[in-house]
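Structure incoming, see below.
The first chain written gets the first letter, and so on, giving A, B, C and D; residue counts start at 1 in each chain.
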Amino acid sequence: MNRFEPRDPDYRETLAGYVAAQSYLGLIGASLGAVAPGDVEYRVPFRREIGQQNGFFHGGVIGGIAEAVMGAAASTLAAVGSNVVGAEYKINLLSPALGPLLVARGIVVKPGRTLIVCRADVEVEDEHGARTLCAIAQGAMAVIAPRAG
Amino acid sequence: MNRFEPRDPDYRETLAGYVAAQSYLGLIGASLGAVAPGDVEYRVPFRREIGQQNGFFHGGVIGGIAEAVMGAAASTLAAVGSNVVGAEYKINLLSPALGPLLVARGIVVKPGRTLIVCRADVEVEDEHGARTLCAIAQGAMAVIAPRAG
Amino acid sequence: MNRFEPRDPDYRETLAGYVAAQSYLGLIGASLGAVAPGDVEYRVPFRREIGQQNGFFHGGVIGGIAEAVMGAAASTLAAVGSNVVGAEYKINLLSPALGPLLVARGIVVKPGRTLIVCRADVEVEDEHGARTLCAIAQGAMAVIAPRAG
Amino acid sequence: MNRFEPRDPDYRETLAGYVAAQSYLGLIGASLGAVAPGDVEYRVPFRREIGQQNGFFHGGVIGGIAEAVMGAAASTLAAVGSNVVGAEYKINLLSPALGPLLVARGIVVKPGRTLIVCRADVEVEDEHGARTLCAIAQGAMAVIAPRAG
């Protein structure tokens, strides 16, 4: 499945720093799950604050975590010292996201030098551990080169 | 500019209830701005909690508010008693969203019976009130008919 | 891989009729490849007429075949007598599509009753049969119910 | 409306050459309409060959012309000698495109140095000249710098 070599040998530390620097992730309560080069998982437990009018995870949170996990996956393959920012993404919401845990997985499809194209799957897990795919996403992350100097 | 007739004469009250029911909007600190049929504005003041690693508004918040404001615009044109949920959306992030206020405006382009297609513009406002377009979005909101009863 | 049951036992005949009715497919020279429920392949040989300024397959053809193959995949899971039309799609172009054959594969991700969400991969094949992924797509196809009658 | 200065003073000639080099445009019968910096129109008369199963313009043609007209609009603002290629786009199909003429208009929203973000509106014109919006699109075109030499 995983075919990419990280450009940064310390990509796990880099990713941990990247996650820690994004206070939005703390706000929605996201934490890192499994990590491999070009393949990252975020986990978001349900709280009422991130719900919508019917008690499901809000579409804005689902889109936000999909974007964030694609950015994280891209960051594991970016050059040392570069800055990864979302350029664009698209998401289809498939099923009501009802359950105690949201699991988003971002996978790099094409690790370009300036644009890294990714896909993401977002699943909701119920009390018994059964998962339902609730959203799929696709987008491009931009790699901002480190400043010379 | 505005060419749509609301199906629900009390669409402003319906929208206010819709907004109040979405605790996610409270979490990111969004409030309603200008409202017309098929044309709604949300305003989000900056706080560190909704930022990313460089101190800009996080892409997940920008996507989330774009989705939310398109849903809100669609809800002003949906049938009485129906439920509007995001089906899909796409966003391009244009410029770093750096400033004290994010203003998202959602506009209905095609108010279908089961799918309402919208566009959104997201601007960031600086300390002097000058605005920069920082993201554009496009998507379809699904209208779930009220249960027969 | 394939987990869907077709609603239409004669879905292969239905698909063949669907393909034959779309003269656009003839115009670009697309033909059906492998077919399974919710999983369809189109093949498009290169001709100068479907190229762009650098001699690659034109982005409009790549997007068009991606949309068409998602529609075809969706049509294999739609109800008997229904009409499948594209509602929306998004595509990322990954690599120059240079080679004698384009192969597009559409896969159904979520076969809803009124919207069928799909993904597509488009590969270009070189003279030696080696393939390069040149585009990925994602979109929703709308199912128009048969007229009562 | 139009706020962009072309980087290339001969952008009209450059665009005409760009259009002539894309044989795909000839295949679907597209011709240039109105042109301004960052704002280009293509016109496509209906022929059976570019239709789908119900006699409408095929979704693949609508997506293709939307992509092409965004690329053309972007090319009017790109640096002299650069090469504009589609990076990604998204389209919502709003109404059946039934009529003798398709008119696609691409507008640049953000003319970045390496990515130019655009929107497009596609209208169908009936026998009496009345137009219906049948699709809206949004996407990013990539600017490939001229080779040093």
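The rule is short, and it goes like this: a contact is a pair of C-beta atoms (placed from the backbone, for glycine too) under 8 Å apart; a residue touches a chain by one contact, two chains touch by 3 or more.
The structure presented is a predicted model; accordingly, all values stated were derived computationally and were not measured.
Note on B-D: its contact pairs, compared by residue number with those of C-D, A-B or A-C, agree for more than half at A-C. Seen from the Cα centre of chain C, the chain whose own Cα centre is farthest off is B.
As a whole-number value, the distance joining the C-alpha centres of chain A and chain C reads 28 Å. Rounded to a whole number, the gap between the C-alpha centres of chain C and chain D is 22 angstrom. Chain A and chain D have Cα centroids lying 32 Å from one another. Taken residue by residue, chain B touches two or more other chains at 87-88, 90, 92, 140, whereas all remaining positions touch fewer.
Interface of chain A with chain B (complex): residues 18, 21-24, 26-28, 48-54, 58-61, 63-65, 67-68, 71, 83, 85-93, 96. Across the interface of their complex, chain B is touched by residues 90, 92, 94-95, 109-110, 112, 117, 119, 133, 136-140 of chain D.
Contact residues on chain A toward chain D in their complex (touch as defined above): 87-88, 90, 114-115, 140, 142.
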